[in-house]
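We just call them A, B, C and D in the order they show up, numbering each chain from 1.
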Amino acid sequence: MNTDEDVTTARFAALDRKLKAAWEDLFARSRLIKTILEGRIDKQLYAIYLMETYHYTLHNARNQALVGVRALDIGIPYLKFCFEHATEETGHEHMALHDLLSLGLPKESLKIPPPLPMTEAMIAYLYWVSATGNPVRRLGYSYWAESSYDFVMPLVNKVRESLDLKPAQMTFFVAHSKIDEEHAAQVRRMITQNCKTDQDWQDVERVMTTSLRLMGNMMDEVYAEYERLQKEQSPGYAFLGHMK
Amino acid sequence: MNTDEDVTTARFAALDRKLKAAWEDLFARSRLIKTILEGRIDKQLYAIYLMETYHYTLHNARNQALVGVRALDIGIPYLKFCFEHATEETGHEHMALHDLLSLGLPKESLKIPPPLPMTEAMIAYLYWVSATGNPVRRLGYSYWAESSYDFVMPLVNKVRESLDLKPAQMTFFVAHSKIDEEHAAQVRRMITQNCKTDQDWQDVERVMTTSLRLMGNMMDEVYAEYERLQKEQSPGYAFLGHMK
Amino acid sequence: MNTDEDVTTARFAALDRKLKAAWEDLFARSRLIKTILEGRIDKQLYAIYLMETYHYTLHNARNQALVGVRALDIGIPYLKFCFEHATEETGHEHMALHDLLSLGLPKESLKIPPPLPMTEAMIAYLYWVSATGNPVRRLGYSYWAESSYDFVMPLVNKVRESLDLKPAQMTFFVAHSKIDEEHAAQVRRMITQNCKTDQDWQDVERVMTTSLRLMGNMMDEVYAEYERLQKEQSPGYAFLGHMK
Amino acid sequence: MNTDEDVTTARFAALDRKLKAAWEDLFARSRLIKTILEGRIDKQLYAIYLMETYHYTLHNARNQALVGVRALDIGIPYLKFCFEHATEETGHEHMALHDLLSLGLPKESLKIPPPLPMTEAMIAYLYWVSATGNPVRRLGYSYWAESSYDFVMPLVNKVRESLDLKPAQMTFFVAHSKIDEEHAAQVRRMITQNCKTDQDWQDVERVMTTSLRLMGNMMDEVYAEYERLQKEQSPGYAFLGHMK
């Protein structure tokens, strides 16, 4: 017997396998992740990462709401989810900013440079996905962004240890994780309700894996900028020298 | 002594005078309003009005959210308001639909025609106001849309009387009015917090009076379409003949 | 025998009848047109009209190009037309500006106020029509804008006479009319090639008549603003007093 | 003596050095370029590359025009350039399609899959750059896209040799290169006229190097998809097996 529910469970299992493979690929290739896992991250590297996190997070509520703004033919529950989720995401970039300042950076020295190129590419992609194509596909981004704590938490813990941070200094990741359990369930529900065809599931999967890869590219670039900073070739981030 | 609060109170008083004048002008010119006040509205006329209400309400949550999507430099409270207000407005067009069906129209005969030209002009204007210019200016639409019950309620009551409707048949106006008290207070707070210059207040006032005038144009067109229907020159709305 | 060509000819004849009726309606109702035809227009009234013309013309190339930007499924010839036509329309607002200055207004006194409300409503509508719905529908605006010289030229001639202007002082209308003959033929060709269904022709007709009505509303508002100026209730346009 | 012209010449020299470095980096890392230079490209690999070229080229005219649509404060010459350049780019994706078919693929078997993830990321980035930020910055993409024939022509020649193609089978690259000489001069003129501040030049440079990197990512993905195809793990491109 093959009920609708079984089919959906199997779909999610397939999605989760793809997500696991994407994370494993990222763990295998990322120099930033390697540095974290080996306990070698320092405040400057973490600070660059937080600044890029600030940059893309600033747009998350906006591109989430954009799905509802432009998709005229979606059902009320999904439309409501878009705006509600946008409401909840509003201002989260300030957590990244708070954590950045808590690293010991004098507020007056903080001049966040523009997003790095691959951060801007990810921001662009999320708006594109939200503005065009299958309106359900942005759920692929929400799916990994809010279901990846098995992969992300070990990294967060390692960063906390290495930099000797208190939870109050990691509000973005710690506080985020609690809110996100509920989001994750909502995202799952939205996918279940709105993915009706093979194409829908493929579109969600495509955005899930692509946005995670673009996040990986962003992380690579964070590391490359950190290396430039060590060689004093990164004038935009030189103010991080004020940090201990 | 001229405190900030006094200044704001005076600003709102000026806004309210302009709003009152705009409504009085509308009451003086509108054939639809005259027909309502004289107790001569019938179900067909009300039905056409509800269909246009359906059309523009379908876009209200969307253009509200659009302000937050595109305005990168607004504060978090106003950004949150945009998405929260959009969430609350989501699906309100179904109240207009419900009220329409409750008039005794067989569901299978309902084929809502596209918006009338002046309804589409109003929809277009609200997106334009939301997508461009001063991000605070859309508050001018919210301000009248949610602070006009002194003008609207006598009309609603008259329609109820004339058509012998129960409150459950007027969900759009009745239910809306309760929700909107809170909205009205929020809108007022947003205007207070976000209008800092003369230009800001002028922009809000401009959108308030213009959107109300466009609503008036829409009401004129509802009446004109009703006249065409009586002369059997309105094929798109002929299905309303099924209604008694 | 009823060839495709006959059908198209009949379609255009029907469109032209609708256009004629819309112009006749405008001539019957417009106080601005009445004032022109009676030879009573003065420089201040003409100047206000030119400023509003400046405002909406500034957007014509942009909303024309927008059709091509957003419509992914249109054919290459129509796509090319959108961008080519936008190229040709670029900067035409400066003709309106030139004509305005040639009325004898000292350049330093010229401070064009923001568009009047109904001008902004028309601008908003043209973007909306270009950004959403059937991509062929904006051709309805081009159709009247470039095929209305039978209606417009008598007005232009009357203005020239009344204000004793040289052709070099009416570049917007005179120069425009020459360029536009070619445009008009292209627009006709585009309609012929791209309108395949009844719905397509209806959408073109709807935009044709609606945009002409909105232009009529703009003209009414020009006249109303002129009246306010005469009563010294129009501070934004008071600088026109410098003109003789 | 340091004239304006000298400064501009120095600016372009700096831009060209950055561009050269970006190309050299791409040549050093790209497996697709290595394969081409070693004469090992085959029709299937070239075909996948042409399909991705088709996908992003389809959007080039559109995102070029978008700059003019949204930037209200740019000068008339740059605005005209945006629409004129869009006109010229219109339909160029069909050259890629033509070249693809000329490889010996039966037209009926051609079912172009959706863009690969990194192709979609590049498309998204070009719209983002066109829709937001400094309106001059998209010129950074045009600059390399139309000034890179020193880097591109050796590759094109090598592909022609390896696959034994006639010029008529490489219309995208060959025909493109002629048209583009004029474009390149126009792009240079637009940069000269519109880049007034250090920030302007930095914004152009940023988009130049970022879009070239994203093109590099796309090329990497073309190669990866080709590898999957060889291992029969690329169902979407399996139809290329019909080609010899």
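Criterion: contacts are C-beta pairs under 8 Å (C-beta built on N, C-alpha and C of every residue); 3 or more make two chains touch, one makes a residue touch a chain.
Bear in mind the structure is a predicted one, so any value in this text is a computation, not a measurement.
Touch-path distance (fewest steps) from chain B to chain C is 1. Shared contact partners of chain C and chain D, listed by label: none present.
Where the sister copies chain A and chain B meet, the same residue numbers recur on both sides for over half of the interface positions.
In terms of the distance between Cα centroids, chain A is separated most widely from C. Centroids built from CA atoms put chain C at 48 Å from chain A. Distance between chain A and chain B, defined via averaged C-alpha coordinates, is recorded as 38 Å. Chain A and chain D, compared by their mean Cα positions, are separated by 29 Å.
With touch defined as above, chain A holds no residue shared between interfaces to two or more other chains. Pairwise chain contacts present here: A-B, A-D, B-C, C-D [touch as defined]. For chain B in complex with chain C, the residues that touch the partner chain are 117, 120-121, 123-125, 127-129, 206, 209-210, 213-214, 217.
If you check the complex, the residues on chain D that touch chain C are 58, 61-63, 65-66, 68-70, 72, 76, 79-80, 82-84, 86-87, 90-91, 94.
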